[in-house]
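Labels run A, B and C following the written order; every chain starts at residue 1.
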Amino acid sequence: MKKKTKALASLRKREMLLTGMLFLAPVLIFLAVFVIYPIIESFHISFFKWNGISAGREFIGWKNWKTLFMDGNFRRAAGNNLIIMALSILIQIPLGLAMATFLEFGKKKFKVFKVVWFIPHLMSSVAIGFLFSYALATNGGIISTISKWFGGGNVDLLGSSTLALYAVIGVICWQFSPFYMVYFLAAYTNISEEIYEAARIDGATKGKYFWHIVLPLLKPSLKSAAILSMVGALKYFDLIYVMTGGGPGSSTELMATYMYTLSFSNFNMGYGSCVASGMFLIITLMSLFTMKVLNRIGGDA
Amino acid sequence: MDSIKVSKIKSILLWTLAVILGLFYLLVSLLPFVFMIMNSFKEQFEMLVKGIFELPDHLYLGNYEAVLQGNFFRYFGNSLFVLVVSLALLLFITACASYPLARFKLKICSPLYALIVACMSIPIHITLIPVFKMMMKMNLYDSIWALIGPYVAFGIPISVFILTSFMQSISREIEDAAQIDGCGRIRMFFRIILPLSKPGLSTLAIYNGVHMWNEFSFAYTLTQSVGNRTLPLAVWDFKGQYSMNTPMILAVLTLTALPMIIMFIFAQDALVKGMTAGAVKG
Amino acid sequence: MKAKKVLSVLLAVTLTVMLAACGSGQSQEVAPKAEGGAAGSQEEQPGEKKPAGQENASDEDKVITFWNITTGDPDKAIMNYAVDQFNQNSSSGYQTEVVAVQNDNYKEKLIIAMSSGECPDMYTSWTGGPMIEYIESGFAQPLDDLFYKSDLPNRLTEGSIAQGTYNGHIYAIPVNNVSVTGIFYNKEIFDKYNLQVPETIGQLESVCDTLLGNGITPFALANQEKWTGSQYFMYLATRYGGLDAFTSAADGTGSFEDECFIKAGETIKNWVKKGYFPEGVNSLSWNDGMAKQLFYQENAAMMLTGSGMSSVFMNDSEEFFNKLGWFPFPVAEGVDTDPTLMIGTMGDQFISFNCTGEKLEAAFECVTNYSTPEGAQFMVDKGKIPPVKGIEEKVSNPLLKTVIEYANKASNVQLYYDQYLPPAVAQVHLNTMQEVFGLTMEPAEAAKQMQKANQDYLAEK
């Protein structure tokens, strides 16, 4: 009897493995071809001195990597990425959650809000960059106008090496918060109506219901959102490239824009690939580590 | 009695505050879009002289005429085709992959999951050259089919990540009941997991849909003739080395954004609300 | 159920749109084919189009692929002019197919193609540092034989040919536009305040002071893109130290810490402090039209930029263009440098060739169509100054005539630093210059970083 169940269990295990691999195969093939192969190629190129176009390239061992270690520009870029990361997590996720909660609690009444709130995420970065560079203009822009109402002077945002990064982060958050709204709306659908009914019968107010019941139930979604936001911020490129081009000077340079400039305009593909590979390593290690830590903390959920 | 009254007043006050904040954010979300549309009805010189915040002199339709007379519909058709094919493929294989990752207790699952998550960290620009070479070899360069592979592949990591965590949060009760009824894994996936995942899938559809619709880098790397270009490249037709016709570009961008908004209104509502209600009851 | 309905509606919409698009779009494939292209288009299947040209010119492969950046008019019409002529009249049996890629993404697409050995048969560049990379990587053919056999030596100006020459060989043929940098100014504003066209930097400063006193910003500059402000630095350095200072600094015999560079930086710093440039100049985006905006609103009186902008002004508003005058950058007092020196480009767009034998000959023939009298006239009509000898007789616009006059008088025209220098060094130049404009870096420090970047580059080489 016992033997039989054991055999059955191992048979089931094997069947599970087989089905699992069958389900995973298409995704793995796509990733191998379009993601994993290019990243291996990138690591490979990082050991060469290469302008990106010539047929020959010179093997230089770890030289690019040594340069990367000492590269102040890269460190500065990575620092900027970390700032974007911290602020993205602190702003986008709470804002997205607040919007989703508002819509969820308000039910059908606020349907229009959902559509309008989502519009920023639907606009292309080209349009956003254009409109915000006028909106944030030193002379006649929105912030300067508000500052003047309160008796202040014009505020130079995008042209200031200390403020430009934060100005663009504001726009990034504006663009991405709606995504987290939709994300949390989907997460809300997994909390069944009955839980709310039960809580209401117990006399819980909406506030209590949110803090004591909803938030713990949303914990896994919050963790994933944090990881998503983190990875997105660390490899960010779009609006910085469109709105400041890394400037003034190189004060808003990011890892991705730095890599892009090296590879595609400075004819330094070898080092550009090295930066890309370094970037890949940093982001992967950070995200996997954070995932581990978050899972340990939230192990009870 | 009193405490209920107090809490009621408090709740009304809080709601009013929330609605006011909501309305404020409504403006913040909407205004740039409004300005985009408004400026698309101006002439270039007029826009530059008056600035972007002023109303147009009159409803100038020339930009839209020029855009619609160009290759717009061709680009639009290409974009729609790539979007529909890539999105359908992406959602299906992502759902397939997330199921074992979320539900099967296999040793191989967690390293595979870590691998897929690691794939999220790849900077897109580094893949352009290898993917270009590949498409050249496969004789797919300069055809819209070349875009499908990269679009699907670059949607996978985030989609699997989101969907796996979504599936993990689906209650196991229904599944357990089905298992007792002797339902196999594959049938279980199609009959139970897939329908229950629809809110998650709709989030992914929206997220990836927007990305594919606005995707730029692969679009210009992998196509070259005008007939094979997608919508984001339409702005090229109005941009020279020294100048661009901004109002015309804004007209293009407005026309590009509108279908997405319409789709969002319909798809989001139908998918999230309709489906979950059905699924939970069923 | 609802979802199914939505999906089927979506699918139906997709299909109809696609059908409609295919129906209307087919005829619009690759624009420049024109009538003469009919024969060519039968030969090529849509799936087989290759940007490449290295293969031998077998009978099936009679298509010359030509990449350029002319996605918008008037440049598009100009680029297509010679191609149409060639496709209709050439006896070579070849057809040229144009692929236009927008400027912002052009260099990247070219690098990606070259990186895979799929370089197009013909492509445009701005010469300078990038062209040298293309040549040294084997993607450009020396053209001396073809060039001297043709009529081009009689047609094109020496300066423009020199710009396409590297190591004594001609690698690129100028086509589009002579664009020398100078100052466009609003004549009405100058008249209103009784201002004269300044001839020295001192006079320029007093013009600026008068304008400032009347609430008008002297210069319309938008420096987010960095190269825009760099033009002021290049001119000041040239006026203070002549051209040799720069060329010797670039090749390593001189230094970017030379006095003239530091003095140029100091002047800019001084001008920023006095308010000669708009407030928040580094936040203003040239690409988004913010410099033009100040100029068009008549809130700014002058703009230092390439004369190529004239066709843009003309395109935006004929009326405004007629208010404009042009003068070359004033000379420095008390310094003995050549006052005729200018900054700019002698051709703006240069075509290089990546094909050999018969195909190269055909491609070269195609390019000769730009500088025929008719071709040159076509460009002049579009507000351009083609790099053709005797062009001043064809141009009637007084502003453009002035430009040509000074360009012809110039003893030398220095290509923009950011195009002349190796791209990695150019990047440092642009970044440090932007910081000088932002008053966040001292000119001496900028010069130091520039010198270091150039030394590092030369050492690596």
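Just so we're on the same page, a contact is a pair of C-beta atoms (placed from the backbone, for glycine too) under 8 Å apart; a residue touches a chain by one contact, two chains touch by 3 or more.
Everything numeric here is computed off the predicted structure, so don't read it as measured data.
Across the structure, the highest number of inter-chain C-beta contacts is found for A-B.
Among the other chains, the CA centroid farthest from that of chain B is the one of C. For this pair, chain A with chain B, the centres built from the Cα atoms lie 15 Å apart.
Note: centroid distance chain A to chain C, computed from Cα atoms, is 37 Å. The residues of chain C that reach two or more other chains are 108, 115, 288, listed in rising order. Counting partner chains per residue, chain A has residues 130, 134, 263-264 touching two or more of them.
Looking at chain B, residues 51, 129, 235, 246 sit in touch with two or more other chains. Across the complex, chain A is touched by residues 7, 11, 14, 18, 22, 25-26, 28-30, 32-33, 35-36, 51-53, 93-94, 96-97, 99-101, 104-106, 108-109, 112, 114-127, 129-131, 134, 149-150, 152-154, 156-158, 160-162, 165-166, 168-171, 185-186, 189, 199-200, 202-203, 206-207, 210, 214, 232, 235, 246, 249-250, 253, 256-257, 260-261, 264-265, 268-269, 272, 276, 280 of chain B.
Contact residues on chain C toward chain A in their complex (touch as defined above): 107-108, 111, 114-115, 117, 130, 133-134, 136-139, 223-226, 278-285, 288, 290, 422-424, 427, 431-432, 434-435, 437-438, 440-441. Within the complex, the chain B residues that touch chain C are 44-45, 47-49, 51, 71, 73-74, 76-78, 80-81, 84, 128-129, 132-133, 136, 139, 141-143, 198, 220-221, 224-227, 233, 235-246, 263, 266-267, 270-271, 274-275, 278. Taken in their complex, chain A has these residues touching chain C: 51-55, 129-130, 133-134, 136-139, 154, 156-161, 164, 244-250, 261, 263-269. Chain C makes touch with chain B in their complex at residues 1-3, 5-6, 10-11, 14, 17-18, 20-22, 24-26, 28-31, 46-51, 69-76, 99-105, 108-109, 112-113, 115-116, 118, 287-289, 292-293, 296-297, 308-309, 311-312, 315-317, 320.
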